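Alright, structures below, take your time with them.
Note that chain A is present in both complexes that follow, paired respectively with chain B and with chain C.
After this line comes the complex of A and B, so read on.
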């Protein structure tokens, strides 16, 4: 028997995050699709909905500027879905038992998982921003605003990843995780993602969009692109991302305790 | 460690939802350095017992100490002392064999400088050096089992739990794994707790066997003692000339009761005492002028033991049982 010191937390997190990133890098479909699909949708929407900018009161003359916030949301969703499915596979296949038999702490498992999500969040956000800039989008809040936009996009990605992780830990089934995500797309479509809230004519739609937290996440990103510095848009966006992170991280941690019943 | 006992279990119970008792009050002990074979059909409670002993499931009641530590209260200490290869080989299909070793070594707290060397040494021992840089998704069933074993051994555990380690393996891979398990026990003094539904595996490998059925241990002892308890050897004779059948039967009559044909044209007699009667039997056949085409001594098998203790054959039980244990147990969120 070899006397072993328990691996410390940062080292465990590093190992598990490294594994999550290896998964992403070795499965190109996990990276390419989540990044390309939102860009394709952006191109389609921009060409198809450009006439919307002629509506009196539309906040900008370029639909591309208006719609650039959407890929950040969709990319974050896909990344969370992939991360959740990855974790669900670990549970279904028993890999989580292998990890549970080591001195690994539960916190390291969660943090390692989020390390992969953070990686995807950063890669996606940087690409969307660069594509936007190349296509001629101007960031009204300037260079500092672009950096804050990245920070917000990564925070949103992180919050979504926490949700994906919670669902995976709670359900322990990849297909069930996948089944949850159309719900998010519905939330995205019932938000102000594609049309400004104050221009939505249907009362029910406007009401839902007003209570839909996704609206505020989109509007936070959008404000930096088309308005400049707008605390009234940024604070709710950061606040909702932070609150969702805390909520789903807490729920994940509880779900993990149930899942890892090791003594 | 309590004396020489590596594993001590008293009155262990594990219940699942709906009051299903997968493990129903078992007592067992395994001496240090011993190979203990836990034999039973699917759903008998083998895997649940392993999960409790390896701290992955808390017991409902009863006591279990592994390496001297209480599995319910000293989980971390138990885990540091044991290596585990569970029934489903859980590998990461995206990682190579060598990356698995590095991840496991890191999580086990093996110093960074030693990780690569330890990993390579074990990959070499299980014959995976050349395949070490291939993703585990490209491995055969036997290679996956061997990598699983290497991962279980990485931190030098004193006690090794192997849950049905050869299920689904071809004969060659199975024999190679048996050799390695036997070597670990003989040369390194590793205690091995091995579950299996294969009679031959328990017979060949285990110093002692516990037979479990419906969550209870129905028999325990060395394979030889268990077999001797329930049955005696059978001698089987086929005369060269079918006309000698009656004479053969007559010559064998003093040695035991006839038990029917084992194969066409044979006469099988369960011996009154043991195999030492064989010389007398040969002499009796000679005196009766029987020309013998085939003569064989059949020792009782562990299946005879299982049959005697449970009223059904192990192979039959394995096929007939739905598996409440192995099927329901992994859903620990619900349990």
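After this line comes the complex of A and C, so read on.
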């Protein structure tokens, strides 16, 4: 804590990010579950929904190619949830209150906290992409497309982490953060994650999926895998990730200020 | 008082408490009600185009196809949620007092099982109402629907016994994922989205041996008015009931030893 207080801003960020990453690495459940669970679901859904590729108009002959975007989203959800819970635990345990007594900058706390989530986002995205490639997924946009895919997946992970951080700072309760988890899953299931939007038969579901920003995030990743370079899919995905990052970072900053003022 | 009367008395009291808690506390009621409804809406709404796949043979339509799944899923997860309640009872000390007071401790497990079955019946009724309101095609007769309900209640009983065995061994809410994962895996390694013949790869091989495949096919047979896989489902349920009852009984012994 003394080293943290006497350090400049980049050092403070580095120390807090290092602490967040150490927390993650020391708790194997925080690393293994967010990475393995999406891959298990990918394996199950690829077999279970393979028949979808026989439906006229389905965009690819391999459901694995179509579904590869989903683990990136689920991994980002888990990283956000775990990051939010870690921060809530710090709040509940009084760590943030003690930090408030030091000259630590609020920006350093936010950036340091996001360092842990970003670490998980990068690790998860690289693993999902490698598993996809090993299982025979071809990236239609090529090597550069794979790099853009990683960049988009990490951007999405970062945006979700900002949301998790905002919830943790606003509510300061690990159980409350956990309570938001089903909401993430609802958004994922009510999107075009498992079936192409233009082939969804129920009008009401297609309408929800069209207004659901998660659809555009999934479609952005998917476009690189099965279509190639498609600005119409990539720009909305990057735009939504950037907008969500700005929005939730701003809200987190305000929530942190309120929390530190209370302290 | 005979041994049977003592068991009945304990089971009745525990079941009543479980039902009362499940239906008066929104924190218990909402997840068990919302999860099946959500799966029903998400799958029947989002994946209905799958019925256009070649060889997808279920004349009652995709909403009815998913209703068959959601009934079994609601029943299985009703048991899991009851397992959570048992774990909470141990964590907060209520179960210890219950074991001291009960003249027949086997009745405690039976009571939990009955409350899970009541819970499953209500959730299935709600999903049924939602399905009918959304225009679900129901070709089964009243007898078929009773068969479906009996099947679901039996699945609920088996999953409760499985979860109870885990809850009474670990006696902590932290056991929740251990109760949830086996049921989740068994459910999703069965024909959830399409009939068995359309599943590809290793999941097809696993699904052929998975008892939940028989339960789903029997459930969908009742909904379509063409009962199917009844004998194999009954045989699987009988076997699973015997195994999980022994599992729950030894879990109870473990809790007794722990005091």
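The definition used in the following text is that the second predicted complex is superposed on the first by the 255 of 263 C-alpha atoms of A that agree within 3 Å, B and C clash if a C-alpha of one lies under 4 Å from a C-alpha of the other, contacts with A are read in each partner's own complex, and residues count from 1 in each chain.
The criterion applied here is as follows: a contact is a pair of C-beta atoms (placed from the backbone, for glycine too) under 8 Å apart; a residue touches a chain by one contact, two chains touch by 3 or more.
Here the structure is a predicted model, which means the values were calculated and not measured.
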| item | value |
| --- | --- |
| Which superposed partner A:134 touches (first chain B, second chain C, both, neither) | neither |
| Per-residue touch tally on chain A - higher for chain B or for chain C | B |
| First, second, both or neither for A:201, with chain B first and chain C second | second |
| Partner chain(s) touched by A:231 [first = chain B, second = chain C, both, neither] | neither |
| Partner chain in contact with A:209 - chain B first, chain C second, else both or neither | second |
| Chain B versus chain C as contact partner of A:48, first or second or both or neither | second |
| Chain B versus chain C as contact partner of A:143, first or second or both or neither | neither |
| First, second, both or neither for A:183, with chain B first and chain C second | neither |
| Chain A-touching residues of chain C, taken from the complex the two chains share | 34, 38, 42, 44-50, 52-56, 188-189, 191-194, 198-204 |
| Chain A contact footprint on chain B (complex, rising order) | 54-58, 71-73, 75-76, 78-82, 84, 86, 88, 90-92, 94-95, 99, 103-104, 106-110, 135, 151, 155-158, 330-333, 335 |
| Chain A to chain B touching residues, read off their complex | 1-2, 4-7, 11-12, 15, 19, 22-23, 26-27, 93-95, 97-104, 170, 172, 255, 258-259, 261-263 |
| Residue numbers on chain A that touch chain C, as the complex places them | 41, 43-44, 46-52, 54-56, 182, 186, 189-190, 194-195, 199-202, 204-205, 209 |
